[in-house]
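Take a look at the following structure, please.
Chain IDs A, B, C, D and E follow the sequence of writing; residue 1 opens each chain.
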Amino acid sequence: MGKILIKPEVCIGCHLCEIWCVVAHSRTKDILKAFLLEKPAAISRVIVEERLPVTFALQCRHCSEPDCVFACISGALYKDSASGRVIHDPEKCVGCYSCVLVCPYGGIIIDQENKKVTKCDLCEGFEKPYCVSHCPNGALVYADQEKGGV
Amino acid sequence: MASLTLKSGLRDMFLEGSRHVSELGGYATVSGSQAWVDALNLKHKELNDLLREVASQGARDITVRNVFGQRYIGTRLNTVSGCNVNLSIYGTAGNDLGAFLNGQRLTVYGNTQDGVGNTMNEGEIIVHGKAGDVAAMSMRGGKIFIRNNVGYRTAIHMKEYNDKVPVLVIGGTAQDFFGEYMAGGIVILLGLGLAEGKNHNANYVGTGMHGGVIFVRGNIEKSQLGKDVGIYTTDDRDMEIVRQYSGEFAQRFGLNTEEILQAQFRKILPLSKRPYGSIYAY
Amino acid sequence: MAMTGYGRKNSERYLPDQGREACGLFGVMNTSGKRFPGNIAISAIKNIKVRGNGLGGGFAVYGIYPDYKDYYALHIMFENKRREVKTVVEKYLTENFNVAYDEQIPTNAQVSLFHPPLVWRYFVTPEKKGDERNLSDDEFVVDKVMHINTSIDDAYVFSSGKNMGVFKGVGFPGEIADYFLLDKLYEGYIWTVHSRFPTNTPGWWGGSHPFSILDWTVVHNGEISSYGTNRRFLEMYGYYCTLYTDTEVMAYAVDFLMRRQGLPIEVVSKIFAPPMWDTIEQMREKEKHLNTTLRMVYGPLLLNGPFTVIVARHNEMFGITDRIRLRPITAGAKDDMVYLSSEEAAIRSVAPDLDFAWTPHGGNPVVVRMNSTDHLLSMDNSI
Amino acid sequence: MYSYLLPEFAIERKTERCIKCRVCERQCPVGGHKYDPDFDAMFSYEEVCVGCQRCAVFCPTGALCVQPHSSQYRLNYSWSREKLQDLKKQAETGGVILTGSGNDKPYKVYWDHLVLNASQVTNPSIDPLREPMELKTFLGKKPDSLEIDLNKEGFEIKSELNPNKMIELPVAFSAMSYGAISYQAFLSLAMAAKEIGTLFNTGEGGLPLEMREKYGGNAVVQCASGRFGVDSEYFNCASIVEIKIGQGAKPGIGGHLPGEKVSFNVARNRMIPEGTDALSPAPQHDIYSIEDLSMLIYALKEVTNYTKPISVKIAAVNHVAAIASGIVRAGADIIAIDGIRGGTGSAPKIIRDNIGIPLELALAAIDKRLRDEGIRNKCSVIAAGGFRCSGDVLKAIALGADAVYIGTSALVAMGCTLCQKCYTGKCSWGVCTQDPYLSKRLNPEIASVKLVNLLRSWEHEIKEMLGGMGINAIESIRGNRDHLRGVGLEGWELDVLGVKGAGE
Amino acid sequence: MIRQFDYVVIGNSAGSVGCIEMLRSIDRSGSIALIAEETRRVYSRALLPYYLAGGIDLEKMYYRKADFYEQHGVTALLGQKAVHIDTDKKEALLSGNERIVYKKLLLATGGRPLIPPVEGLDRENIFTFLSMDDVLKIEKALENAQRAVVLGGGVIGLMAAEALCKRGLQVQVIELAGRVLAPVVDEPVSNLLKDLFIEKGVQVITNNTIKEIKGGSSVESVVLTDGTQIPCDMLVLAMGVAPRIKLGVQAGLQIDRGILVNERMETSRSDLYACGDCAQGYDSVAGISRVIPLWPNAYLGGRIAGSNMAGGRRENVWSTSMNSMHFFDLCLITAGLNISAEDPGGFINISRIDEKKKYYRKFTLREGRIAGFILAGRISRAGIFVNLMRTKADVSQFTDDLFNEDFGYGSIPEELRWELLKEDLIPGVVNGNDRIRA
């Protein structure tokens, strides 16, 4: 089961995880194009929580008992049994926000533009989630059970 | 060939000729929790080795006679685990008596020299006489009672932290730079031997002081104080403290607390916790 | 204090460079103490002539002066044959010694060598005065030798032991042997030989091997990269290097550790060529402690860099290489004759039917002692 | 008062690359960048910029460039920009100018004028990748001789030995106290020292209780004039106890940890109330003379039951060789000598830049003096102050040091950019600050790895250099000045260093 | 005919799917039968308004892929009605007289639409709003309809009204109570909603209901209790649902409003489980047993039942009423108790409104803990509030922060925060112990 764990003691609140999440989910995967040219801009699926001096990033925990999946009325959210990821299919999503209501982490992001939701997909297709690989201070750890855990 | 063995060579003035503790049996007698040590002709390391040895054997009341300047008495008892010893010292204790002391009780029947209770952490030192310079330097905890006078720079850089507050009570007067750099702790200067109308000896009292309190009984002029401190009248809470520790002092030396308290006490406090906060250009 | 600062400027900067050389070595000892003539050593070193370049050769022979065996035999060379220097030296000698006998060391005028010095020998006993009475004879002699070598220009004591002697000069060892008539005049129970291959100029006779102090002699092959460290450490103990050769440093180190500190060669070898830390880690606690402490205390005497050395004194000869055996040594034994050499062939050339021939492990000494077979112990781990 | 100072740095923002992510704004501890939502634009405030380069490193699009401000007074060799700025600053504040890090003035760096030797032909180089290359070093007093017995079990050492601390690499971390540097930085040094098998030095800020068991074996604990956090347990948990007399960056003066840096935890560690100034007096008030030093040395031996080497750290000043000799004779097992380029968290600039002598000369003089007196083996010498690379380290060892302390190099490895603003407590790299928002920027798990990497790389380099000289044990280069040559040095300098000029 | 199954599930919606998916994750081989009246494969009733509003096409209504039954090894007896359950014989009788013998049985029969007690409901163009058939019929009727009346101003009613409005109809909503959505929201939100609907052209009539339906074969108008007559081409009955408990009654199960179940979804008879809109369980927040007719609740109930049916042991630890809705562009989320301001009892209501931004938040607190909340306008990360409810966290120290638009874990005081996130963090990076310290 893939999951991103946080080390709040060393999160520096730079928000680069959010920036690179946007890049990872952009069309071009290029930071300048993603931010300056792509319309609509991609959305970050990670949120940096702040209560200075404390900061830490939070995103979907890919729960083993995902409330969002149970609450989803359209079947857009499901848990992929092979990878353990909680996956969101935007094609099926109708934007009822039941998942927003039940996610205990606030990990479901509302896509205002499309009136749907979106969420962390652990950067499927990349070797490591972008937020993890781009965190400048090792505050995010990708715990991939298949690869031997934390 | 001697000239080839060592050139000017290195002589260890502390350890040279020190005997191993196993050779010192004749200097000590242990009986249950009591022990008697004759320090005559013992080098400082020999004496401290021996104290450590008798403490390890279970002695908790140790009388040391014929002390003539052996240093660091009590210091190494820290390294005997669970050891809490009453040490009665007869003679003139050497420098750094009870340096880094950590819980023993040292009573000196005689004068002491410099550095009494240097960086002491815990325990008690009672001196039935005077103390030399820098007594209670960097003291961090425990209590020191000096029956008579103290020398220069007494209580220099004494500290405190939370409920760990060192206490120093001096029966007589002190010489200059009394309480220099003080950062914490309670110092009480009783001036018991001062002649009527005579000021305390110390000048530059409390220079650089930025914590703690000095209570003074007897005359001290403003001109005797360092520029970083002020002198104030005591309030009831202050006098509670003074009463308690003067009481302990009196009890140790067989004096009358009430007599001591009859005189006026004043207190010396730092003007700032940060005396040098403003001398820098940022 | 006598030698502090003799002849030294205030800065290391003015000290001459360390000599750089490689060589051929040979040593032979009769463990029963029977004396034999020089032809074995001379033939053997000729066998490995290619290891030298004619710029230095020398011999140390033990047991050559039975008539004067209780006297220190001082071999002194006067480099420019200046009589006035000899006068100064002799004045100094008579001030400090009882000189029983002296003579010019016989040489063969037929042999033509580069710039030979005047070479004289003196058989002496110490005449100690005042505080010097506290010194042992050996310390006294060393002190006086150091004085002559550091303070009197053009005079050089190159041999100072009892009943032994060093003969050396600029040339191939064979030529030196001929020059000093070694095969004709002398018999000894230990012979060590050195054939030198220096990279610097011919220099002078005193720079050849063996190097000696008292009855200790050293012949050495290789270059010690730790020279500066070793030298500066020894200087603390009053050994001032005048020749700036590795061999000199090694001789002093041997003297310091073996004679003055009284350590046996088996321990000294662990100082000169200590086991690697990795190896020490694997040892039993006691052995680990020993080796660790030796390195801790005597680290400055670790001889680093390539070397083979053959050291001799009365009743003992040993050979050892550096700890990673950057230079070779081979030992051979036949009855009571034991041989050490840079090359096995040199031994075989003079003793074809050896009982044993072996090459010991790097850093493992071959110790040849009188009336013992200790040398065979080094066959452990040997090939 | 309106300030007449010129800005030190210029911030250039390439707007075509700026994505307004505000990372720079969040990373700048002095407010050099601000986002204005009304104009949806980023703005820079150069007057506060200290040139720490945090923003430039963290900008994800490389839109920022921070460089020395190009505005200049009329060029004047004597009245430099720095001198003029300092004069104005003092005119405006009336204060002593503080600074951080080490001396940045162009005194000769002798390391750059010394070169090392290598083997060619007459002896072989050794390949450290294949063959052992030994750097273990012992710190402490060595005996003049060993008494060794031969018994049934073999040779056995009879002599009683003085305590020595073995380190795997002759490079340790200089005294940097928790308080001067962040807990994170302090911990990183400890972690790295443990990993490498070398030492870190607590400075005089104490050693946090929770670190003692795990890191005490790699700790040099200091007993300095402030006696902060000092007690018997503190000494006994450590490997070496060091008496700090002086520091290269500020010889002769004390220290002053401003109250704002005395956080809850710093206070706990130093055992002083939170928020008070931690004042370290200039002298140790129980040491007014060399025999007093001796008294403290033996006091520390007493308190540690003679089980720890006692080190004495001094700044390199005139007569340093004689002082060192006195220190050895006073009973010290180790002398640490800190040269004029030694760093600091805070020092008056006038002191840092003008007082003391270069380490190289001091080290050479001390080594020579101790040898001349026959007592070099009675102590180890640790050299400190401005070691920038492994070459410097090996040169120091060849000059005679047993080991070196590195401070600035370690800080740089952790992120420091030598902006010299340590004393403000606003270190943007989380190194020299107690502000929790800033200090967490230094992740000990990362910083300790960087430190370990640094030391490992130096270790490799030292081994390469040793191998090149045909030496496979560090003890064989120690004091081996034959392997050094001077380049571009005058005669007196070569004399003091005790090395020949190149080609000599 | 008699057939035997290990597991039998009656009903075909969220609860059934939850149950089947859980069963199969535990028991890969046991036989499963699903009995459902409707012939369609499982679709999402919650999506009916979305479909009607034209937002999605029919195919997306299906909740699971077409091969769901096959993939899960389910014998789907679609179009079959269970008419009786014999709990002694452990047997269900189908309308076609087929007998299904079960080892474990789940009743997930859902709800039935509430119908007003008025005459004339047999006219055309009068619809309920609960099934796909309902919606398809409504859609067909849209072709000739211009005016619609929706009876019921609750969640379903308002959604139906929005959908019809979006399809171009003139819509009137009739609500018996004094305000719309009264059971789940408070007055300010009702007002927001009413204004919103009116702004979009939907008339909202409160304190009223239909007393008569007029028309020929088809509905033509409705007459309200106050006598108002509203002409319409279509009437949608969206007053809510009641549990379908007939089977349960017949089986002799204990029943209140719904079939009573315990925390393991067990009914009063062994091996017989119930979940979803037909069941009545414990509302952790309200502290009473009640029917919680919500999609997530049904699915979770199915999972719990499935787990216990397969021999596991799983309990429903926490459930309460929760709604996520949006009407036009106004999002709305409610959870827990909706305590009116007039009669708060032991509760404290705190709320803030920003009329301009149509932003509203209300929290109902009981002893410092959240017992219910309403968010209107900005609903991001609402689940964190639910989590605070679920964990019974004391929020009294940071009630102000609850109104922060960006409320998140950062807003929660440290100790509580790290307790809630303890599974998600690696502590001790700096301090080497388990404590997180700033």
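Details
In the analysis below, a residue touches a chain if its C-beta (ideal position, glycine included) is under 8 Å from a C-beta of that chain, and two chains touch if they have at least 3 such contacts.
Just so we're clear, the structure is a prediction, and the values are computed from it rather than from any experiment.
Under the touch definition stated at the top, chain A and chain D share these contacting partners: E. Distance from each chain's C-alpha mean to the overall C-alpha mean is smallest for D. Of all the chains, the one whose CA centre sits at the greatest distance from that of chain D is E.
C-beta contact counts were set side by side for C-D and D-E; C-D has more. Placing every chain at the mean of its C-alpha atoms, the farthest one from chain A is found to be C. Centroids of chain D and chain E (each the mean of its C-alpha atoms) stand 67 Å apart. Chain A and chain E have Cα centroids separated by 27 Å. In this assembly, the C-alpha centroid of chain B lies 63 Å from the C-alpha centroid of chain C.
Distance between chain C and chain E, defined via averaged C-alpha coordinates, is recorded as 103 Å. Multi-chain contact residues of chain C (touching two or more other chains): 4, 236-237.
Among the residues of chain D, those in touch with two or more other chains are 372, 374-375, 436, 440, 443, 445. Residues of chain A found to touch two or more other chains are 7, 9-10, 53.
Residues 5-14, 44-45, 48, 52, 71-72, 75-76, 78-79, 95-96, 99-100, 102, 114-115, 118-119, 121, 134, 137-138, 140, 153, 156-157, 159-161, 164, 180-181, 183-184, 208, 210-211, 273-282 of chain B are the ones touching chain D in the complex.
Those residues of chain D lying in contact with chain C across their complex are 119, 121-124, 126, 131-132, 134, 136, 138, 142-143, 145-146, 148, 150, 153-157, 161, 164, 166, 368, 371-372, 374-377, 398, 469-473, 475-483, 494-501, 504. Of all the residues in chain E, the ones that touch chain A in their complex are 14, 18, 44, 46-47, 50, 55-56, 60, 62-64, 295-296, 299-300, 303, 322-324, 326, 331, 333, 335, 379-384, 386-387, 390, 408-411, 414, 418, 420-421, 423-431, 436-438.
Within the complex formed with chain D, the residues of chain E that make contact are 429-433, 438. Taken together, the chain D residues at the contact with chain A in this complex read 17, 19-23, 26-27, 58, 60-61, 430, 435-437, 440-441, 443, 445-446.
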